[in-house]
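Next come two complexes, and both contain chain A; in the first it sits with chain B, in the second with chain C.
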Partner chain A sequence: MKPKTKGAKAAAPAKKAARHRLRLFVAGNEPNSELARRNLAQLITGVLKDNCELEIVDVLQDFKTALALNVLVTPALVVDSAGTRVTIFGTLTDTHKVLAALRLPSAVA
Partner chain B sequence: MKKRALILGPVAASIKATPIPKVSTGICGLDEILEGGLPNGRTTLAGGGPGSGKTVLGLEFLYRGARAGQPGLFVSLEERAAAVRQNALALGWDLAALEKAGKLVLLDPRLPAEAVVSGDFSLKGFLAILHGQVRALRARRIVIDAVDVLTRVFDDPKRERNEIYALHEWLDEHQLTAILTVKLGEETEPSLRHGFLDFMADCVLRLDQRVTGQVTTRRLRVIKYRGSGFGRNEYPYLIGPGGTSFVPISKVELAHQPLGGRFSSGQSRLDELLGGGFLRAACILVAGTSGTGKTTLAASFARAACARGEKVLYLSFEESESALVGCMLSPGLDLRPALRARKLQIQSVLPEAVGAEEHLLRACQTIAEFAPDHLVLDAISACRRMGSEQTAFDYLTRLVNMCKQRGITCLLVNQTAGLQEQQEITGIGFSSLVDAVLLLRFEEQERTMHRALLVMKARGSNHSHQYHRFRITGHGIEILENGDAGLPERRLA
Partner chain C sequence: MNQRERIQELEAQLAHAEGIIQALRDHEVDAIVGTEDVALVRLRQAEEKHAILAAIIESSEDAIISRDLDGTVTSWNAGAQHIYGYRPDEMIGQPNGRIIPSELQAEEATFLERVQRGESIAHYETVRLTKDGRRIPVSLTISPIRNAAGAIIGASKIVRDITERKRAEEEISKTNQRLTALMKALPVGVSFSNDANCRHVSGNSAVLAQFAVGPIDNLSASAPHSDAPGRRIRYFVHGREITEADLPLQRAVAEQREIPPMELEVHLPDGRRWFTEASGAPIRDAQGNVTGGVAVTVDITARKQAEERLKHSLQEKEVMLKEIHHRVKNNLQVISSLVDLQAATLDPALRGQFREVRDRVRSMALVHEKLYQSENLARVEFSDYARSLLTYLWRAHGSGTARIRLTLDLQPVSLSVEKAVPCGLILNELAVNALKHAFAGRAEGEVTVALHTSAEGRVSLRVRDNGVGLPAELDWRESPSLGLRLVQMLAGQLHGTVQAVTGAGTEFVIEFAHPRAETSTTATHD
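Right after this comes the complex of A and B.
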């Protein structure tokens, strides 16, 4: 499952108060950004079980959000959960690291 | 690929060197060193250790540009924007006003210190931020302080290089005149240390700060400048109120003003011995041992000039202004009216208080503001205390050269130490710059010391070659006719 996020923002269905707020910063559709999109989509449907709110920010169209959140590299995932913020740089290929950052057990990988 | 190397036209019939377009930095003295300024639309690298003034240099480039109507973007990756503003205020620059006027933007993005890395990434986010800001501001200039912070996240020399290269490409594409600062030192990232950045940039500046003889000086050197000549020496500079100032460069070509008309030394008999007085724009050296009356002669010279309505800058390295003025009251040389009339300016500094460059810069600034006709320097022997013999030599030659270029008469006082006076007279080895030499000394006769004066050299003048006795009276210096000696030395009025 791959949410087609053309342009700036697209939110995944959030039933109740989502546990994680995810913001993925991409630079258009360059390969690394595409890879990050795909990897994140898998994580959301798999481990996170849609228990999150996702926003995709294309820095080529919205640099202000990137500046506000100090996102200087792409792709980058900013995760806000329970008052803490974690920034993950890269394509999110290393699932173990991503899950550790989200404080989730790395059951599937 | 970029197309910006030298393009030789198909009709190379008359090969004429076209200088590359440059942007004036507006920084005092730097454009001279860079033969016009930084390369327009290209990247300059300013590398240096801690405290070498890289940030100030970059900021001043933007500040001067913004005031001249060229908007600029300052990307501070180390200091907070508020701190940058505050530091700028200490130099007298109101950045906030320029920001409000839309001429300057300060950005202070931070790379999260504890970011998790998972997979590959690039600086595209950073470039997107720059792109957005540059477009909104219509920026022409950009400074990234310091670029090594950006590469810290990559942990791989090859990727660091690629990202820096991408940044350079981006800057080039947008034709921004850029200064990238980079910290140089032990802990510099390996990829930056190995000169990659130097190869990439079109112009490379090195700044450093060093201590010699307990005096700190800052120096700049241009390592390379594609498509342009540049001054190849090390240039001392100062950071003070107003910004960075470079010491005027010692030019190869001499542009001295010719010696001008005669004017009085302040003592009519001395004028006769000199063959009609001193010549304008000359460099006059008054040498002698302690107590022979050098300062009295200098004060007499200054007072006479001021009385004619001319301006004198008196650089005193031996005495404070009040001590000098007080001492000169005894031989009847009241300098106070000249001071009040703002014809005389006394600048009194301890030689060891600051470095030679700062002394020189202060003198330059005063000369530029006050525009004196004459300069008295009391005494060149004290200049050694600015550092070394070489420092004193550099200081004096630069100062005298500058005065000669502006047609300012210099009267230099040199205290010699007794026996070696013949060799030491002209002071620290720049006798070719000296146009006239007066030697003052004591002569012993019948258990009495007498003061005697000799015009050793006076270029372009038919001068006396004899020692002439003189005394310091309550109304200045009195030169005796040869033969009428033996009178009491001092007659107070």
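Right after this comes the complex of A and C.
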């Protein structure tokens, strides 16, 4: 594992990377959806900063978008960046998995 | 799309599907998005419920067992292992017949039939076999298990080991039986109140008989029903009516302490009266709070009646004794009067001797007079007697006594009849002696009579005059005078001593033992 100080330096180039488009699919205020919301907010504050745009889609209001993106369960995060799309299912508690999908070094979190 | 792109596409789809499966497996999903709608599945909550149920089943002290319709065990919790001794791996997949005694196999078959009909069996008490062959009493609750379609696929059993409960029940039953037998056998009344206000009072058969009530009657004077027998029973202490609050049971509960026995007179509604000695004690719960009380009533009517009879009989005897003393005194007085009358017919020389006899009889009569006048028929207050006797003598001996002063120094001394009579005669002799001889040729004189008791319990009687004294040549112990001989004889009867001092007058001192103990041993009732 890299020391924290080095990790912080390695994270610096990521800020200059392309903006991520994040779409979080939730089901109202269900517990897992709420947890995903909180985990994502922490991630944005801590790592992504302004380098993203976030949209929250409540499938109870709009399930067609979810179906169009093949989001079959909530919570789910659809990340579009540099022409690729990754969908992460679950509460986003596993930060490594999320950062890997964003192609960011995991040590940052 | 070339083949490589096709593979990448498939891999992406596979990763997507794996992501969904993983999220489902991790219970991180709360909704499934279908083509038409969204289904909330609350998987996490369902999982929690399952976990709670599993924890309850595992931690239960009861055996929780499930089996299919063939009787094969499908689950076996820790409670089951604890009760029966078999581990889950010894039982799951096995027929459950091994825990059922052979004679009860048929019973088990009927349970299975009933469960198959959809019935439940609740708290059925029977016997089971443990791994080590012990037979234990158990309570069974059996319910059918249904599949999603509602079909019965097995039975769940909750089995409770009731060995301890059975033992406790037996203990309670034994204790109750003992208590009931005791209550029935007790010759004293026992009444209970199970409430802190004593609004309901019941009792054993002795109490029911004592108060002439039936087994369901309420003995409480504050019973809710105005016609309850308890409301018509009246209680008296020393003839004064008391309220219910003063009764031992009610006091024990109100004052939260034991009430020592007290005598009560009970008036029953039918007019019957009886006496009881009643005591009370509070009953407390495990926390020490008073929740009721118990009272014991002993019927002392017979004792009271015996006491009354004894008292009455004693009173009668007392009256009779007084009457006897009265008659003795009267007879002695008659004798003394006869002697006096006879004396009047004689010449003066003999007259004096007859009067001495008269005085002696008179002094004895006075003892009996004092006896029947006193409270205590066995004892005479001798200071009182001495005063009366001397007053009589001074009066009886005519005008000559007017110039002889009588000085009394008398302490109260209570003497038994046996001592009072000789002592009275001694006083009579010495006083008469002084009156007759001490002041011959003198114009006046003084006689002092003193009666004292010492700390050692000796009584001293002194008769002193300031007269002429005994003749110098007279040895009084050898004197032919009947009076002085009588004094010595009577002092001997008292086991006492006589001393005479002569000089400026004469002093006689009689001393005899008068133990304090005598007072108590010979004392009759007051």
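Here is the rule we use: the second predicted complex is superposed on the first by the 91 of 109 C-alpha atoms of A that agree within 3 Å, B and C clash if a C-alpha of one lies under 4 Å from a C-alpha of the other, contacts with A are read in each partner's own complex, and residues count from 1 in each chain.
Simple rule for what comes next: a residue touches a chain if its C-beta (ideal position, glycine included) is under 8 Å from a C-beta of that chain, and two chains touch if they have at least 3 such contacts.
Predicted, not measured: the structure shown is a model, and the values here were computed from it.
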First (chain B), second (chain C), both or neither: which does A:L104 touch? neither
TODO: Considering only the touch criterion stated at the top, classify A:A41 as touching first (chain B), second (chain C), both, or neither.
DONE: neither
Let me test your reading of the model: by the given contact rule, A:N32 touches which partner, first (chain B), second (chain C), both or neither? both
Chain A residues contacting chain B in one complex and chain C in the other 25, 27, 30, 32, 35-36, 59-60, 63, 66-67, 70-76, 87-91, 93
Given the complex, residues on chain A that touch chain B span 25, 27, 30, 32, 35-36, 39, 59-60, 63-64, 66-67, 70-76, 86-95, 97-98, 100-101
Listed in rising order, chain B residues that touch chain A in their complex are 107, 109-112, 115-126, 128-129, 131-133, 150, 153
Touching chain A in the complex, chain C uses residues 16, 19-20, 22-24, 26-35, 37-38, 40, 42, 44-45
Listed in rising order, the residues of chain A that touch chain C in the complex are 25, 27, 30-33, 35-36, 59-60, 63, 66-67, 70-76, 87-91, 93
